[in-house]
Amino acid sequence: MRTKLAAILNLTEDAERLQPLTEQRPVASLPFGCRYRLIDFPFSSLYNAEVISAALFISGSGHSLYDHIRSGSTWGLDSPIGGGVFTHSHIEWKWEIAKRENIDVTYYDNHRGYVERANTDHVLITGSGILCNVNLDSVIQYHETKGNPITALFKNVTRASLPEETNVLRYVVNSGQAENVTKVESMNEVPMDAPKVAAGMDMVLMDTEFFLEYLDYADENMKEVSAATAVAYALKQDVLISAYEYTGYMKSIEDIQTYYEANMDMLDENNFNSLFYRNEPVVTRTRHGAPTYYGATSNVTNSQLASDCEVYGNVKNSLIFRKSKIAEGATVSDSVLMQGAEIGKDVVLKHVIFDKKVRVEDGVHLEGTPDNPIVIKKNTVITKENVKENVQ
Amino acid sequence: MKTETLAMVLAGGQGSRLGKLTKQIAKPAVPFGGKYRIIDFALSNCANSGIMNVGVVTQYQPQALNDHVGDGKSWGLNRHKGGATILQPYASVDGEKWFKGTAHAIYQNIDFIDRHNPDYVLILSGDHIYKMDYSKMIDFHKETAASLTVGVIPVPWDEASRFGIMNTDLTNRIIEFEEKPKEPKSNLASMGIYVFNWARLRQYLVDNQAKDRTMLDFGHDVIPAYLRNSEKMFAYSFEGYWKDVGTLESLWTANMELIDPTHELNIRDRDWRIYSRNPDTPPQFLTKDADVVNSTITDGCYVAGEVDHSILSYNVRVGKGSVVKDSFIMPNVTIGSNVRVEHAIIGEDAKIYDGAEIIGKEDEIAVLGYEEEIGGRKDED
Amino acid sequence: MKTETLAMVLAGGQGSRLGKLTKQIAKPAVPFGGKYRIIDFALSNCANSGIMNVGVVTQYQPQALNDHVGDGKSWGLNRHKGGATILQPYASVDGEKWFKGTAHAIYQNIDFIDRHNPDYVLILSGDHIYKMDYSKMIDFHKETAASLTVGVIPVPWDEASRFGIMNTDLTNRIIEFEEKPKEPKSNLASMGIYVFNWARLRQYLVDNQAKDRTMLDFGHDVIPAYLRNSEKMFAYSFEGYWKDVGTLESLWTANMELIDPTHELNIRDRDWRIYSRNPDTPPQFLTKDADVVNSTITDGCYVAGEVDHSILSYNVRVGKGSVVKDSFIMPNVTIGSNVRVEHAIIGEDAKIYDGAEIIGKEDEIAVLGYEEEIGGRKDED
Amino acid sequence: MRTKLAAILNLTEDAERLQPLTEQRPVASLPFGCRYRLIDFPFSSLYNAEVISAALFISGSGHSLYDHIRSGSTWGLDSPIGGGVFTHSHIEWKWEIAKRENIDVTYYDNHRGYVERANTDHVLITGSGILCNVNLDSVIQYHETKGNPITALFKNVTRASLPEETNVLRYVVNSGQAENVTKVESMNEVPMDAPKVAAGMDMVLMDTEFFLEYLDYADENMKEVSAATAVAYALKQDVLISAYEYTGYMKSIEDIQTYYEANMDMLDENNFNSLFYRNEPVVTRTRHGAPTYYGATSNVTNSQLASDCEVYGNVKNSLIFRKSKIAEGATVSDSVLMQGAEIGKDVVLKHVIFDKKVRVEDGVHLEGTPDNPIVIKKNTVITKENVKENVQ
């Protein structure tokens, strides 16, 4: 009764197309929406359902993640009785070496051990690359009502809302009384003008018994433990897959463009409210810092800001993260500035994405385009002299 | 357990001059500066001074205060050794232990203090706005080998008669204490901050309890008794911003002063942070109609109107066409469209409906109480 | 915030029949079974029943209780949503909020309960020893669509006249309540465990407060009022071990019963653990002279003597040549050499010096109070 | 003022000679003294000095360590303001691959980043293989009084108290007013009958400034960051090294024999009190469990037990960890039984070390010798039939 499900988070999303933002962090650690990281969204779903433990499988060292998650207390994941965040890093690397040098990496044992110890009826597998705010209580209820051993989440979208080249899977969902996933295809094969298509959300809920069967299969066949392979296994075994339709805001963060769009989406009140102002709050690790100050010369419209900023210049259609300073006469528009940006006087920025702690000296102009925003690496100092080389 | 210094924050007072703002919550729990409560200053000073053992004495409407302080985690005070402890009235075989004054509150909590077995007890008030390194005051206390050190602040001479004034000799030793003297001999006002040698103070309190039980207040009873007995008492002079936000006007002024990032209190100083419980809210959203200047805004706000020289605390909504000027808006306030708020303090969770006006003056601040509603649609919703 | 069930643990009582064991601490905080305190049973039952929102109402000597309960972490109750909250008397503009009875304690904490906005309030007593799944009682309450469900336990008929007895019809609906009836019509004794529909109870308490303010106690006032108004009240029958350790003899007996690992309370059951605050002490050390049988011993003990059919709580020392028989020794007790302790309860931190004897009888348990010292060297050290 | 020092824990002790106890755990995770793990001792030193953060460098995956440490809250290492346990796993592996494939492993950056963020005057480097209970406040005071940039800890021991083949270093300490370490040698070269020799405790305290200098040197020369290389660097630079003499219980846990001896040492009240009943408590992660029950037929002497055991048989000169059961008629002597041992009726055990959850069926006899205790692996079930093959 104490905990509803065991949660397996696969934080192994392909980070290549998000470079250089993912140079030192996994996709799960990507800052988003002025004060969040992508991991906050699945974690908040766990928090809101009062789930008290999670197992994380991470591609890299996960340092930026550990630093954010700490004990997990932010999301109620630190109960001394049965709770905890159990992290497994360097999954890809271990796997590669395991294959190359034929070492047993205990990957499946880690999954099995966690799920057995959690001792719950259900197991959730999810990634962190699809931005959404899912009410897990509602998913569990649906799962139990339908009575199938596995439930997969999807959202009906237009094909054009996803990138041409996408990792999102297309679910074929039979309609009518029993909504089941009957087939899975690559979304890449769906024509761009398709008006309605069921996008798989890389998230499945399973009965624990079924999960353990599936895990044995994955172990024998060296398959990654993921929502995709779980669905594939269920289809292979002719097990019925309940299809849960999610109707809130969703965005698959796969490349710079989708990352940029997701941030800009927040400036639309509908999207913002759909993601943040549901009954279930999005919870992140809070930081100490003063309120944001708007000086006499500031002019800020259609923008979102975190706390601890000082604004003396102009900001329009932008998202500004914590501890940023925008000097008098500067104009920032259609941009995403992560934590600690320092924007000098009379600077003009348009269609840019700044990683953390970018400093721009007085008078610099830097403009990207909506389809090709300029991305600046962490800690960069941009001067009039070096501005061109930074815009490769 | 052995603690060098135990801080006792007196947070039980009602603060009745703040009117409806302290009807439901104790003065130290009154919101301040957009994301703080008044007690955050004393607690952050403790943490920053390395004083990790803190008792918070509450009595009057303590729920908001208790929820806020919790185990002291927000201030890094949730330590195994020490930490923050809420002390509230209780019953014993001797009857009900109510706190009848500052010194009496300490007496009633002798058991708690004894468990820490401190050399020094630092007495603080939970309702002042200031940043102070108490460790320096304690060093001073040790250097002078004092029995009691009183924190004092120089006040303008013409205001000195409103304070408790410490008259000192050339070595800063206190030779006289006058409560609101008509003709002050000094301008050193007591800040209500005391460092006591615990063993000595304990003896005074216990002895008095065995006799006439009149030792209720530090200023009124304990300091005079110490003076009579020639206890070594020194004044420790604090220089810096210090404000007792005891009235609506001083609460409003202190908030307005906080807006300016160059103000001497320097709330943005990362080396002496003022910590608080951080609410979890989305970022602040300024819509295309927003017009914000000279103001501070906190996470969770939604602003579609004009905000000028004001503080919006977290989760405040300001609708289109509304103007907020020279005002301090507490958390979770909803301001509708075409509203005017000027020279006002708006209490937590208040609602101001479309078209309403709350207009005060600089010397007569308008106040809307917690959860109060004003304007058109009061009966709906 | 919305909570289905909020538990309110009434832990404010003195338990005066326990004599000196409850002079300094409230009965729910009295040590029990070697590593527990009495309230651990109610709190562990809550956690194991999935009820994560718990208010603990304290009043009498609450320090030990507050320290013990803390934020509820020991019971896994330190959750963001919910958790354990200590509720103590406080002052408000209406005066001092003292708790004058079980129902009055709930009335005085209406603000706290309203913040949780629960469907059901589960009222528990903090001083009973039992293991019970409250979720089943709540399910029963929902199924019967009751306004109030009372937990009852069948007692031997010849003892029924010592209890508050619920007379029910065939559907378990309560049709009469008799406090200590001379000729009981039923043997279903109230356990002091209630599930109330909060909205309804709230209305009763508020209405009464506006009138004659006589609704102080659940058994004496609220249940009779509910009966008068034909509220739907059901009795939920609990079967299992349940003990009100209200007297020294019953406290001693309950401890002795706990020793046997086959006893029905089954303290070793890993599926329904009794959680407690775990002290950090080295392992127990039985020296070459130790002779321990039929006993339970906790970490931190040092035993160089004979222990037979007894409980040593943590950090107890038993010196050479000493004999401890049929006794319950609370934490941190030092027993010197050549001491005899039989049929006794020894309070926390007590010291029994070399050669002393404390010998009670099965029907007249000897008691040494907390921190009491007995035997030769009382004045030294 | 809030924290006194930054603590670097090198949990990279050689585990080979402690096999099979270290098959799935680093030396730091070795269970000891009925309810502790070796890491508890340095952590308790940090706890008692109110240090609020630590950086851990671990050879393997560190799972058993993570599971024990969790958020570090047990040792006060979870303060949201400046606190935390920062773990770096697979150090050896990363290093090896780094050397082989010429990858930068950011090992030194991790050290530098941690120390800079901790922003303290002093840095402590310690291992976990030397069992002791050090009062760091006293070390800091000594360090400051002496005024040298580095202080190394040692204990005067007889050579014979250490194994013939030992990792312990010999410090040459000049006597008199200014006690300094003037030379470091391998202890292996000291004759076994040497009555008094200064044993280095793999623990140094440094001024942060000096630490950063040393770190640059270690980085340039690809040296491990450790107490030993720090002392070597100081000697090389002719920096004076204060020598702090520790006088409490100390034991270097290097092989099965020293591990066994250390446990048996606890049955001597002097050692037990020296390690556990100082002013500074040893703190470990506590577990829920009932008190230990001694049945009518039990006979337990000169032994230590943790809670949650049930004893019906005879126990002598032994250490019994949590959740163990010893049936009627069984006799356990001169042994160390880790958590969850189940000893059947009439079993006789002497000079054995059981890893966790070993079960011995009724009537089995198993006897080692004081110089060669029998070690049984985790989860082993010993029957009369297989008893011989388990005693390899």
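Note that the chains are named A, B, C and D in the order they appear, and that numbering of residues resets to 1 at the start of each chain.
Keep in mind that, in the parts below, a residue touches a chain if its C-beta (ideal position, glycine included) is under 8 Å from a C-beta of that chain, and two chains touch if they have at least 3 such contacts.
Keep in mind that this is a model prediction, so the values were computed, not measured.
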Does C-D or A-C have the larger number of C-beta pairs in contact?
C-D
Per Cα centroids, the chain farthest from chain A
C
Taking each chain's mean CA coordinate, chain A and chain B are separated, in whole Å, by 41
Cα-centroid distance, chain B relative to chain D, in whole angstrom:
47
Can you list the residues of chain A that touch 2 or more other chains?
81, 283, 288
For chain C, write out the residues touching at least two other chains, lowest number first.
275
Which chain D residues qualify as touching chain A in the complex?
61, 66-67, 70-73, 78, 81, 84, 86-90, 288
Residues of chain B that touch chain A when the two form their complex
33-35, 259, 261, 267-268, 273, 275-276, 278-280, 282-299, 307, 311-313
Touching chain B in the complex: which residues of chain A?
33-35, 269, 272, 276-277, 281-284, 286-288, 290-308, 310, 319
Mind listing the chain B positions that touch chain D in their complex?
47-50, 52, 73-76, 78-81, 135, 275
Once bound in the complex, which stretches of chain A touch chain C?
1-2, 47, 50, 75-76, 79-83, 283
